[in-house]
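Each of the next two complexes has subunit A plus one more chain, namely subunit B in the first and subunit C in the second.
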Partner chain A sequence: MNFEAVIGLEIHVEMKTRSKMFSSSPNSFTRFPNTEVTCFDMAYPGTMPRVNKAAVINAIRVANALHMTIDPLVRFDRKNYFYADLPKGFQITQQFHPIGREGYLEIKGRDGELKRIGIERIHMEEDTCKQLHFASYSLLDYNRAGVPLIEIVSHPEMRNGTEAMRYVEAIRNIVLFSGTSDGKMEEGSLRCDVNVSLRPYGTKKFGTKVEIKNLNSTKNIESALDYEILRQSAILLSGGKVQQETRRYDEASGKTVLMRVKTDAVDYKYFPEPNITPIRLSPEFVQNAIDTCPELYDSKKARYVALGLSEVDADILLSSLAMAKYFEEASIGGKFAKTVANFLISDVNAYLNKNGISIEEFPLKPAYLNELAGLQEDGFTHKQVMQALNYLLENQDVNPKGALEALHIEKQSNDDGLVLAFVNDVLAANPQSIADFKAGKDRALGFLVGQVMKAAKGKVNPSAVSKVMLEELKKR
Partner chain B sequence: MNYLDLSIADIHAALVAKKVTPLELTKEALKRAHESKDNAFEMILDDEAIAFASSLGEPEEDNLLWGIPYLAKDNFSTKGLPTTASSNVLNGYKPLFDAHVIDVLKQKKAVLIGKTTLDELAMGGTGTTGHLGITYNPYDPKHERMMGGSSCGSAAAVAAGIVPFALGSDTGDSVRKPASYGGVIGVKPTWGRISRYGLFPFAPSLDHVGFFTRYVSDAALLCDVLSGRDEMDSTSSEKPVPHCLEKLSEEKKPTFAVLSDIVDSIHDETILSSFRALCQKLEEQGCKVTYVPFGKEALESIYATYIVISCAEATSNDANLDGIKFGPYYEGKTYQEVMFNARTKGFSELIKRRFVIGSFCLMAENQDVLFLRAQRNRAKIVAKTNEILKDVDFILVPAAPSIAPKLGQSSDKLSDEYLIADNHLALGNFAGLPSVTLPLGYEEGMPFGVNLMGRAFEEEELFQACRLVSDSTGLEGSYYGKEDK
Partner chain C sequence: MKEINLDVLHDAAHRLLFDMSEEEYATLLQEFDVLTKQMETIGRIEGLENFEPMTFPFDCTTTYLREDEPSVPLDRDLALSNAGSVQDHQIKLPKVVG
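For the complex of A and B:
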């Protein structure tokens, strides 16, 4: 390729605070349309904004996670424009003094190298109301009007779709683990606008940028950008000019599609919001917001790896807040962490998938999963422990020990003397199998081990039996 | 003599002594309201007021406002009662909530007997631009002279003795100028003293809740009652509420600065001699009065600065009036058409002009030379005002250069008299300082006033000074036609 892609992202995150950005209206997304609305959200004359403290705390936490400089003087501005979804005729935002400036995020590039992406600003603002358009009419839902948002604007420092995808994943992890947002792209609680332009390698000047909207998954960001970079590069290679336009990603075709050609930028006539006097945050308030921030993804991951988990396993457990929470409760103090992780990643996940439920709905107490892991580490076989787990899922008033008793499961013996006695008996009774083994028929070993297990009624450990059996066979 | 003509404290004493009842007071106020020919009312609340007054039981001895009839400018939100700000764009709009001050007065069991007219959306100073037409000055039964605005209806009602007090709002001088033309007391406390929640915004950085009274003690009382932190207005101050009434009688010998450039720009000899006489009386009582120049250029820039800032903020504040959520709805093929129709039909030409000015000043290419320049100039003027108030306690000036002007008479908008003497009250809005207009005298039977401005949050001292001024003029309690009633 002859061109270098220049990619910048603007991410809007809906905060899951109890109330809205500037009013006491509940903020839950789930209610019937137009039921979570106060007079302020409807812009009735004389209503005034009241800054949501929890939203400020969230913004501080995210800004800190992104290594940004936090402005201790919180100020808001008005962005003025007329639109059906904008009740006041202006949006209250932080144009002139964003709460956070100049930070960065480290991501893994396409080749696995660590790359630092600069972040220009993070600011707080309010959402508009939701519009539903029909053939002859439109409906407005004011539940969304005033929902707290943070906007995170990156520098144009990403170079391919993979980097953009990983950047968004990293942002999502921060807002998710800090408790700021659900971070669900598919539901719109994390929305992403991508700007991409191309320029010949070695040049500094930016090319004409195209904005891509309607990206509802991180995977789509990668695919859309990979496509768009090829599209623009084909235009440039054939001597054409890239048009300044807004495109959307069409998932079915895997292509970006023209939405509208950009005309002159709108003049939003920004000016300071006169109904909110600047709020001075004390250093203690800022520090407290940071200190009380729930543990973030990277820190958790480092901790999981220190417990003996692989990076891949740690990522799987951290793929949802609930799974990470369950893991931490089921491996208190790091006890049996690796075994607990294995249970969750393979057995429990399989159970969840099979039953179509989430980890939040998984009926087993985390403490019991920990006990089960302990049993396996104590010498019960995986199969035995899983039998106990299944029993526990169906009998919720029983504890793991009780499950073992109910199932008459006993620990299999590793006692070499006992195993040897059984092995010798079986070998004595099956000379043909010894001959078969010597003749290279591996199947004979399995048969002989099986005979031992049968004779011992399962009370010996099959792996110990295999080991002793091999040793004895070699002697004959 | 009617009880309605007394100070609130004296009416209260009569109520407690059961010489008069809230219902009798309310009926008298309603009667006077209906007799008024000054077009001061958006709405007279006969049924509601009589029902409320009848519901009041035993007098509350510790509550001076119990059973006192009052009026509110129609830009204060009143739950379930139409509130239009005298604009067609809000015809039929019934708010779902009470403004903070309406709520406070309801708690105090004062009786709201009506809503008063204003210049459309409180933008204007003549009292002639509301959707019901011109509001007249009760001192001029021939209806040749203006009331002044924008709080024209409230000013006219108190000037006509209909109620002991009325609520207004003041963005440039909208309480204090009509108070001068109506011979009543007009108060605007410090910005942040009284919650603006429920007051329809014109320009929030300049907007104040204000009120009209006829007695200094009534003004002090209302300042005490209406002040205080309100969670619904995050700009309202957390400072302790003042005790203006309690401290009113404290003897003080304050110092006054007369802004000489303002007095120099006034040519009305009656006003000037009354003003000089007042200054002399204050000095005789041991107060120090000094003439201080403010700077002519700075004073001349007040009007332009005010227009730029207020129109810029107004164009944004009133962007919510689009016919979609409330107010008259007009059909349209697109949302743009719906908004366009509501705003085209709802606003008068004058309002549209202000929006155009405001929008123009905020445009990216004009912001620095207009809006931001106006803000910088405002900061300079505020600094100068506060500097003067470092050395003296109060600024004392004639409230206006003339008695109420004749309707249709246009003044020379570039004369000193207009630019300086007709607009200087906005100094109090720029700096958010407490400011009071008091009656000073009469010319051709028409009143004129004097204005006092003090330091931020020093309302207690300000009302003490008002007491001195009022005692010097001897005009307390007067209203048009009092002798006939």
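For the complex of A and C:
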């Protein structure tokens, strides 16, 4: 029997606002524990929540990017539970009236076809405190308590690990490029819980679902799900029953591992948050939040492709917000965009990797990279431009033209007449090489081009020489 | 509903880290008795599940949202001064894995 996997995701995203969701405590991800707390975060009696405007704006932007219906009446609820990560004894969330309902996201499936994944809800809430567990005790850091979160809940419409991975990548791109979050899974600012069950193809009833937690990369989501689907399939095929349980992914073994068996669902006794009066958002406020949203990934990608970049190159530049920013500054108005992209993807990336730095630390001004790309398009060779670029990295008070002068680099000639004259002279002096080329020895071409470059003292463009040389050889 | 008795009140108070005199527990138990009876009276009304719970006395909304401006946080030592045990500037408690 063949089974169909039913996969749904819950994603928590930490917002990078300046203050917390319901208190004005700083939200700067400091490494010093318990230095970013106010009386509200510690649940001192009498303290009251005040909703962060920037968090609401972020949630509206993400909801809009996910094609959701936005509720203009913002309401919150209490989720009650007694645990050390929440000093109040409850979490303020949006159980009954999420800010966004029923949207979708389009991703590429395994077959390359576009697939629409439904999204049930997006709501705002506060994060819990960070706990460190040791053998006999736990330590609590309340810096994270109250950090604004958005939770995005998908419909169970994904069917394999690749779809789930691409869904998370697409969500990450939205929160990253909208300025909502830095979306770092490895650092916990984007956290993902996956629910997966199997059912025979053609049936509608859901099977018993298993939750997988602690997935710290999109690749792990794909691998964990692919493994889990095989595991559940093997149980069902051998006549067994899948147990409702929570598992985690063990990266080293590539397997999911049992954490705990699920018992009855916890009753959180939700009720409307009495300390926050419902907040009516005006249509102008909502529209302004949408209109002022920074340009999103898909829009940027379409724009880059329109500038002549391949989809692969556009994805590479958009893999980091800082790289995309640098590219846009270095290709002002789309000028020399393709050449700038080539420099960034190959030469600059190699420099960054070699020196272990990020693009934010790259010492060359974006405007100078634009000038260098222009020089290459104007006839300077890539090698010459790279010499100038390396000089600029060492001498930051010099501009690209100054670098060319300092290095005595002159533009190589593309003049067909001049190149042809050199080519004919070299061919006349090397009849054996012509014969070798005719006999299929391709290396003869390289030798002849080298002879031209030597004779011209490097002042002709080697690609122009190769082109003319090939044409002349064919004539002989 | 769980029966409210003196043991339940003692347990709840201790979980919330406070205690009272036995007279106060007795008074509280009497108050709970009144409350429970009132709940039972209300619970006998038919169709109650069709009503939204009332959270606010008036059907009012606001437009207020706090500007995203951070304030000065609590001094760490002050923030931790209520904790029974502190280690590495963090609140220490018996292991609580959820």
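Keep in mind that, in the parts below, the second predicted complex is superposed on the first by the 451 of 476 C-alpha atoms of A that agree within 3 Å, B and C clash if a C-alpha of one lies under 4 Å from a C-alpha of the other, contacts with A are read in each partner's own complex, and residues count from 1 in each chain.
In this section, a residue touches a chain if its C-beta (ideal position, glycine included) is under 8 Å from a C-beta of that chain, and two chains touch if they have at least 3 such contacts.
If you're wondering where the values come from, they're calculated on a predicted model, not measured in any experiment.
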Taking subunit A as the common reference, can subunit B and subunit C both be placed on it without clashing, or not? Answer clash or fit. clash
Thinking of the overlay built on chain A, is A:274 touched by subunit B (first), by subunit C (second), by both, or by neither? both
Contacts for A:183 in the overlay, against subunit B (first) and subunit C (second): which applies, first, second, both or neither? neither
A:138 contacts which: subunit B (first), subunit C (second), both, neither? both
Once the shared chain is lined up, is A:90 touching subunit B (first), subunit C (second), both, or neither of them? first
Subunit B versus subunit C as contact partner of A:78, first or second or both or neither: first
If you stack the two complexes on chain A, which partner ends up touching A:43: first (subunit B), second (subunit C), both, or neither? first
First (subunit B), second (subunit C), both or neither touched by A:100: neither
Could you look at A:207 and tell me whether it touches subunit B, subunit C, both or neither (first, second, both, neither)? neither
Once chain A of both complexes is superposed, is A:156 in touch with subunit B (first), subunit C (second), both, or neither? neither
Counting residues of subunit A touched by each of subunit B and subunit C, the higher count belongs to C
Using the superposition on A, tell me which residues of subunit A are in contact with subunit B and, in the other complex, with subunit C. 39, 42, 50-51, 82-84, 138, 140, 271, 274, 277
So in the complex, the part of subunit A that touches subunit C is made up of which residues? 17-19, 24-28, 32-39, 42, 50-56, 73, 82-85, 131-142, 271-274, 277-282
So in the complex, the part of subunit A that touches subunit B is made up of which residues? 39, 42-51, 78, 80, 82-84, 87-90, 138, 140, 267, 269, 271, 274-277
Touching subunit A in the complex: which residues of subunit B? 75-77, 83, 85, 90, 95-97, 99, 196-201, 203-205, 231-235, 312-313, 315-316, 318-322, 324-326, 335-336, 339, 359, 362-364, 367, 371
Sort out for me which residues of subunit C touch subunit A in the complex. 15, 53, 55-56, 60-71, 73-74, 76, 79-80, 82, 87-98
